[in-house]
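Heads up: the structure comes next, in structure tokens.
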């Protein structure tokens, strides 16, 4: 069942490549059908998922390279299920959002489906090498998406994106290899006991370095403060669907990595790193918010806001308490929904006016009232207003980090100020972009179309659902958070 | 009359080594390509001498070192053949076999 | 009546070891006189391809006794793997030449078959004399191949450089071998184990090492490679850059197996060479304009990764290290040959690859597979090569080496990406390609988005932007170089037709790279414990 | 399930009904608003009567709780509870809400986005009603922020022009700055007692550590200061007048600003445990009261005057809370809600009629709108604290509490504040209603029915609440006696002095123009609201703009550069190694002239490159390294041969060194 979810899009890719040139337009329908079926499979999985248990379900293991103990090992639990659902949903929505792609559509939709394979693979694999394999596969389609259909400086942004992530993941490779040497296994679940058994003597320092290697790999992806400079360029230059996917789900791979690999397998090393990660997280929050304030390009503003929001997730993880971990999972899901919504909305305006300069766009409320309503809804969600999912994540992360022994309380207060700054740049954007008198570019633009609405409304519904009824998300996250806290606390 | 053929092996090895170094020096300083080829031959001669003297130490019988030397001669001969062909072709195409002029490929 | 039936199996069983080489010699002779023989030049290449396939099959699959001529030729499992890899490479090359070869393909096939025979002998050599013979048989045809299009002065110059430097290093090898002969009192590898412990032995072994490094174009002795490859035709370089290096690699590993006792001091020159290779190779390749020169330096870097495995001292992991060194050589050879064969019908420069995805989409896809494999992206075979090296490297306490490898391969990702960028996203400058509107993106028609005034755009561009646009004019080019360009362009563009057969060869190579990844387990298992 | 929990649900249903409609439909269905809020007002009154006389605050007659989520194994529940304070506040909020909805029907009848106005107003009313009945601090916080969003939307309702846009952002950000305190308090409470239920918190409060108590106390006070516009965070209320008047009536007079006081009253058992928090509340309250009253006297804009008056009245309530007893502040909260919303609605009519908000242009309206004048006067005199009206009794109770709890200084300041209040009320009253009409042709006319009815209802309540206070206040379990004669006389005397001063100021036209001539510095100070805005502008907003622009340049140049600088350094080092290596070989065998020229130049390049490596980035850095690494490839065969021989020699030396020094012999 899980392998079907991972490799179904690959079938789509094969079908698309077989499409002759004149049926090029059929590619998008094929991609849409495949991604919707994939999402349907995940929903079927969701219904059969046993809630409340932290154990791995639907597990499947086949020997791949037994000489080196590498196994094709898939499994799903409360941590990966919501992320998998989000990724398949966003892939379907991205396909729908890129209906107007006319340049090489077959290659475009093949790349989107390949991205889906990579993402589902990352969230389902329980073998470190398999995880790394899918982690790298995600790089290729995104590189092609940015450098083929991107904005004016797409080559530079695409190569920068590729090299940053590759640089990080190469360190991860060294980490995986070192971990194998000391424990003799790549299985994420078994490693938890194996590393515990090694105690903290000689292995202590090595564990610190291995955690560092993993941390760099994941930090580049999340991104955490010093490694974030690729994000604004990649977002600005990526096509609408590309940046929606990039922000919506690819940033969560780093968080997932921490919660699945770094924290449970190396809890002792995690203790030493908690403070450093906490400080870096808070710096990301405040730094992202401040720099977002000075942006003149909407996409760059939202990109830096993603850096800030991811800072909250990282703070939740660094806290090491059950509330913190649940907060991190909540932020990753809710930010996925909100950031995707924001990028799709910016895409709507970009397709009409072909510019993202805030100076050139103003008074959207007068020209496109329903669009303005949705944009305000998304901005409020991003600001973390209660009754919307943004609040759930941020509140739990702060709650968790206040209760954590490793993080000083002043960090939490600064993170709180981060929320305030988050409100500042969002309001500043809304004031210039939505309100005020309509600018030349906006005058007379058609209202948001039905197709565009269908890409945004499901996300909005989910944001409200999670915001009002927290258990919808926390029933999956809480058992995992409790298990992680027990592992870290021990 | 019995010639005392007790050969002082270290002296011969040193001779071979000297020849080798002279050949090496020739390779490094000769301007013309043919000069370099000659020096290379000189170096291979040194190696052959060395091989023959080493034959003394090869225990069952020195046959192996002789085979080694003969094979070396054949190989060096074929090298010279190819080398000269190359140098003549270069000379024909840009009228010089001065090694220092041939520096178009670089960077 | 002689019991022929009894004799043949004996002969077959006994002398099966040299049958692959004999077949290759037959193929070479046929190719030499191919003008008058049926099938002509192209036919010769096709026949040679079949014979190479047959010899590879013999080496790979038949059970035969592994020692011949009193251990002059020893077929251990690694030699078998080397033979199969070399035959595979030659097979792809010959298929390509059979369909897309231009001019005197007969001679080229002959030279390649002779060189391949030499390479096979080198991997199976169990005796110093055979080693000498095999190494020279491998490289001498390549000198001629490099200088193949004698009308172009550059080709000859490259050939001469390769000739002189390669001879110099082999002479060092022979000089070292002569001393080893004296010390070990015999030429066979078996007796090399008990070398007496004296300074002369150290010098002798070092000289031999230097000779082999010269063949593998390892860092301090790699100077001939970039010039030789730039001078030659891309399809010539395809063979010249892969076969001799792989043969040299196998010889080095076999010598290390034999000289295991002296590994304590032998590993230091190997590691120094490895570091130099990685740094010099990857950095110099960054700003190369010419594809062949870039791949030459990339080859040097890849040899550096392989040498890491040879430099392991920890007794537990030494054997595994050798095994994965050989595996890595295969993962280096296939993609390099693939890229060069694609470039063969495009032209030597990286910029010639521009717009490949319009002209030959299948070839562009293959190029992407090769480049990504060389970078080390899973699920391609390159990733497993580097991953195994990382695994064994860390286990063999070479953590610093693995970290350097990891950093250098991050940098190498850049120049391999330039290949993909050229193939997929660059606009071909030539007029007739201009007709296809730039496939940049439908947004391209949009108003040019104003650069953000906040951050001065210059700093943004400075990062990679300049490197990308400017990579075509290297550091301050002097006029001579420009002159050379003009003369180069005057020569007619390679008139090689792109035929279906050639595409088949490239796709076959890409398939091997793609399928070898998941099959890495099977390959390493086959290498470590022989099935028969 | 108790019917009275439907009270917050009705407006919420209204909001959901209206929000998804298109603009045209929404404008047609605005009547849903008053109907639904009227319904919940009716329910609230029935509830009040049914549960009257109620028990002590805190014991709910009926409660409703549901699990929001499981957090680390602990159940996170939300709950609604109907206790005596809740039913009282429900009644007040729904009645005032109903009156404002009615009035808005008139006020917004020709605005083409009135549908959206009613929609947000419904959401706001629902949020306030839910906050009042909530028995859970997290639910209070959630509704607290939703109200903040509604006030942002309502203040910025007329988004086309600049002032409302800036005011709405200012209001939202300042209140969210306050909410930061609430966040920290919630976090502290959760880690201290693991639940947000009010009763659980109050039961566990005595066991809290002193630090937690302090953090919770100050956090909640900071949040209340943000919401109820107390001094450090009072800057947003005067600007919030840019929104439609009826929305200001309910938000910035009766409910939202009162929410801060209500929350502190609810949490008083916890806050009173930390004396620091109480005294802080006391002094911040009384200073804000004085600040508000003082500035109100100088305002020419009628709505801004009312805003400052609200700030001062809230300050008084805040100070009353500071004494630890909540009965005085709650009583004043209820009465203030009625007469202040009455004043705002009446002011709305006056503005609508005269077309301007500037009192100096008004005058002589008494004759033209007698009914509105009487209604406005009832509200104004209640604010001033004249005998029979409710304002007098609630203010008196607070004054007594100051005395009984031993705060004589605060009592004196409260008296000063009372006089100032009387002053600006009477001055405004005279300028607006008496004297010649200062407008060219004043077409002022009597308010329409839709204006009169709601304001009349509010006026009625202002009258009744005062006289029968023992009655309805008793339901909260407070024993409220009539003010003692001595106390009543002091406050009336103080009020008369203020009124007289107000009349004199009006009579002799001592207003801003006079001030301009005689005390220009005072005028500038009051216009700049005693420079509180300036403090924010120069201490927080301008530096923040500058810092973010700086960080943006830093991010683009240095961080990128630094990350790339590392690589340039790495590139530099490798090149250094190679250069020495190749120079050694060439130099050792024989120097080549050209080679030297280039190699010596490298030394200069190396340090130039290393120093500004951080700036030129990985591309250039690597390119330098790559370019120079290429330099070793000079193209001449001799150079290569020498390099080979040199390398042989170097390797030989190294290996021999390793063998004989490191390994001590070959064995």
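So that you can tell them apart, the chains are marked A, B, C and D in the order they are listed, and the count of residues begins at 1 in each.
Keep this in mind: a contact is a pair of C-beta atoms (placed from the backbone, for glycine too) under 8 Å apart; a residue touches a chain by one contact, two chains touch by 3 or more.
Being a predicted model, the structure only gives us computed values, none of them experimental.
Compare each chain's C-alpha centroid with the centroid of every protein C-alpha atom shown, and the nearest one belongs to A. If you average the CA atoms of chain A and of chain B, the two centres end up 66 Å from each other. Inter-chain centre distance (chain A to chain C, centres taken as mean C-alpha positions): 40 Å. Centre-to-centre spacing of chain A and chain D amounts to 32 Å, using the average Cα coordinate of each chain.
Shown for chain C are the residues in touch with two or more other chains, namely 160-161, 164, 168, 226-227, 288, 407, 414, 454, 460, 463-465, 474.
Contacts with at least two other chains are made by residues 549, 552, 555-556, 560, 618, 630, 633, 635, 637, 641 of chain D. Multi-chain contact residues, meaning those touching two or more other chains, occur in chain B at positions 27, 36, 102, 104-107.
In this structure, the chains touch in the following pairs: A-C, A-D, B-C, B-D, C-D.
Against chain C, in their complex, chain B makes its touches with residues 20, 27, 33, 36, 40, 43-44, 46-47, 50-51, 53-54, 57-60, 64-65, 67-68, 71-72, 75, 78-79, 82-83, 86-87, 89-90, 93-94, 102, 104-107.
On chain C, the positions that touch chain A within their shared complex are 372, 375-379, 383, 386-388, 390-391, 393-395, 399, 402-403, 406-407, 409-410, 413-414, 417, 421, 424-425, 439-444, 446-450, 452-454, 460-461, 463-465, 468, 518, 520-521, 524-525, 528. Residues 549, 552-553, 555-557, 560-561, 564, 567, 570-571, 574-575, 577-578, 615-620, 622-623, 625-627, 629-630, 632-633, 635, 637, 639-641, 643-644, 646-648, 650-652, 654-656, 658-660, 663, 665-667 of chain D are the ones touching chain C in the complex.
Considering their complex, residues 24, 27-29, 36, 99-100, 102-107 of chain B touch chain D.
If you check the complex, the residues on chain A that touch chain C are 64-68, 70, 100-104, 129, 132-134, 136-137, 139-140, 143-144, 147-156, 159-160, 162-163, 166-167, 170-171, 173-174, 177-178, 180-181, 233, 239, 294-297, 300, 354-357.
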